[in-house]
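One structure below.
Chain naming follows the written order as A, B and C, and within any one chain the residues start at number 1.
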Amino acid sequence: MKSHTVTLTMNVPTRMDFVNITQEVEKAVRESGVAEGLCLVNAMHITASVFINDDEPGLHRDYKRWLEQLAPFDASPERYQHNRTGEDNADAHHKRQIMGREVVVGITSGKLHFGPWEQIFYGEFDGRRPKRILIKIIGE
Amino acid sequence: MKSHTVTLTMNVPTRMDFVNITQEVEKAVRESGVAEGLCLVNAMHITASVFINDDEPGLHRDYKRWLEQLAPFDASPERYQHNRTGEDNADAHHKRQIMGREVVVGITSGKLHFGPWEQIFYGEFDGRRPKRILIKIIGE
Amino acid sequence: MKSHTVTLTMNVPTRMDFVNITQEVEKAVRESGVAEGLCLVNAMHITASVFINDDEPGLHRDYKRWLEQLAPFDASPERYQHNRTGEDNADAHHKRQIMGREVVVGITSGKLHFGPWEQIFYGEFDGRRPKRILIKIIGE
């Protein structure tokens, strides 16, 4: 069994944004030498997501508006008890649960086994500081 | 290490519906010859889900109503910017994020290691055309 | 390839609560002898979740309030058709979809490959009875 481990560091300049990391994951799969296996990609921080969806700017704007409706940013300690700790990012912990922590992608014949439109995104909900992503590949 | 790869093609005649695919996944596990390992099952399309829950028609109707409340179908370009691209399926991209893209199931003694009620479903949110599911099994 | 399988039994005395199971998962990883691999942790019941987030009581209270807004408990058969079966836990099946069924964590150098704040939680949405979690580790 082979394994390969890569961490990416993201530094998103805004509070919320989505970054396409598909090419970085494809590079890690090539480096791994794995032909058949599984590739885990996860946010290492709990106010961020890794998810698979469409690389379409209108959809990303829709997601941001929708997530803001489901879990609005509110730094006050009234709406979110988490913000009584001195944090202001309780909303980000909620948004991350909707969009998910991780994806697991099959590797077949040395490539990410994707459908026609699948792209991997880092979803940042409390940016403006460096945060990490883990890529862990196992297989043969 | 063994690996086994299967794709299923789904053709759901309505916009939204859930299809029990547990038997197809069990068949793939038997074919794989894997006794101990992991089984990834994921939608290959970004307006569909694979999830594990109960095979109970009332619950499925509840899910549909709830997802319609959280992310209503609306083909107009007003509610969803994604629909300015000529698509009408922005709601489906949102519903899929709630229900998830994939499940990973343990394989123990050659079988899906399930609790008493776990069943695997394909969740379609923009049907009426063929779409694919990936089953990727690794183990020994 | 090595594999290791552990089931935990949870008995949460309230309907909804979150329990930190990180130490139990770390113990299973040590027992496995796996240095490089993947660790799946999933709820074996369909009214419960396993998720990764912050071990902060205020945030957990926020999550409970938020989940109650998104999918309120209502034992009557009017709001949820699932409760026409004699069950009263339809809300729990919805809450579990928001928080997710499972996490997959990388194992590097014999340890869970975690970011600074990642902790694994069991999320119970229909407690007051024993329910199980599966830990499945594969690697080398």
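By our rule, a contact is a pair of C-beta atoms (placed from the backbone, for glycine too) under 8 Å apart; a residue touches a chain by one contact, two chains touch by 3 or more.
Owing to the predicted nature of the structure, the values given are computational and were not obtained by experimental measurement.
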item: Contact graph of the chains (line, ring, star, complete, other); value: complete
item: C-alpha-based rotation, chain B on chain C, 0 to 180 degrees, nearest 5; value: 120
item: Centroid spacing, where centroids are CA-atom means, of chain A and chain B in whole angstrom; value: 20
item: Multi-chain contact sites of chain C, meaning residues that touch two or more partners; value: 1, 38, 70, 98, 100, 104, 138
item: Contacting residues of chain B [partner chain C, same complex]; value: 1, 36-38, 51-54, 56-59, 61-63, 66, 70, 98-100, 103-108, 113-118, 138-140
item: Contact set on chain C toward chain B in their complex; value: 1, 3, 5, 38, 40, 42-46, 70-71, 80-85, 90, 93-94, 96-98, 100-102, 104, 131-132, 134, 136, 138
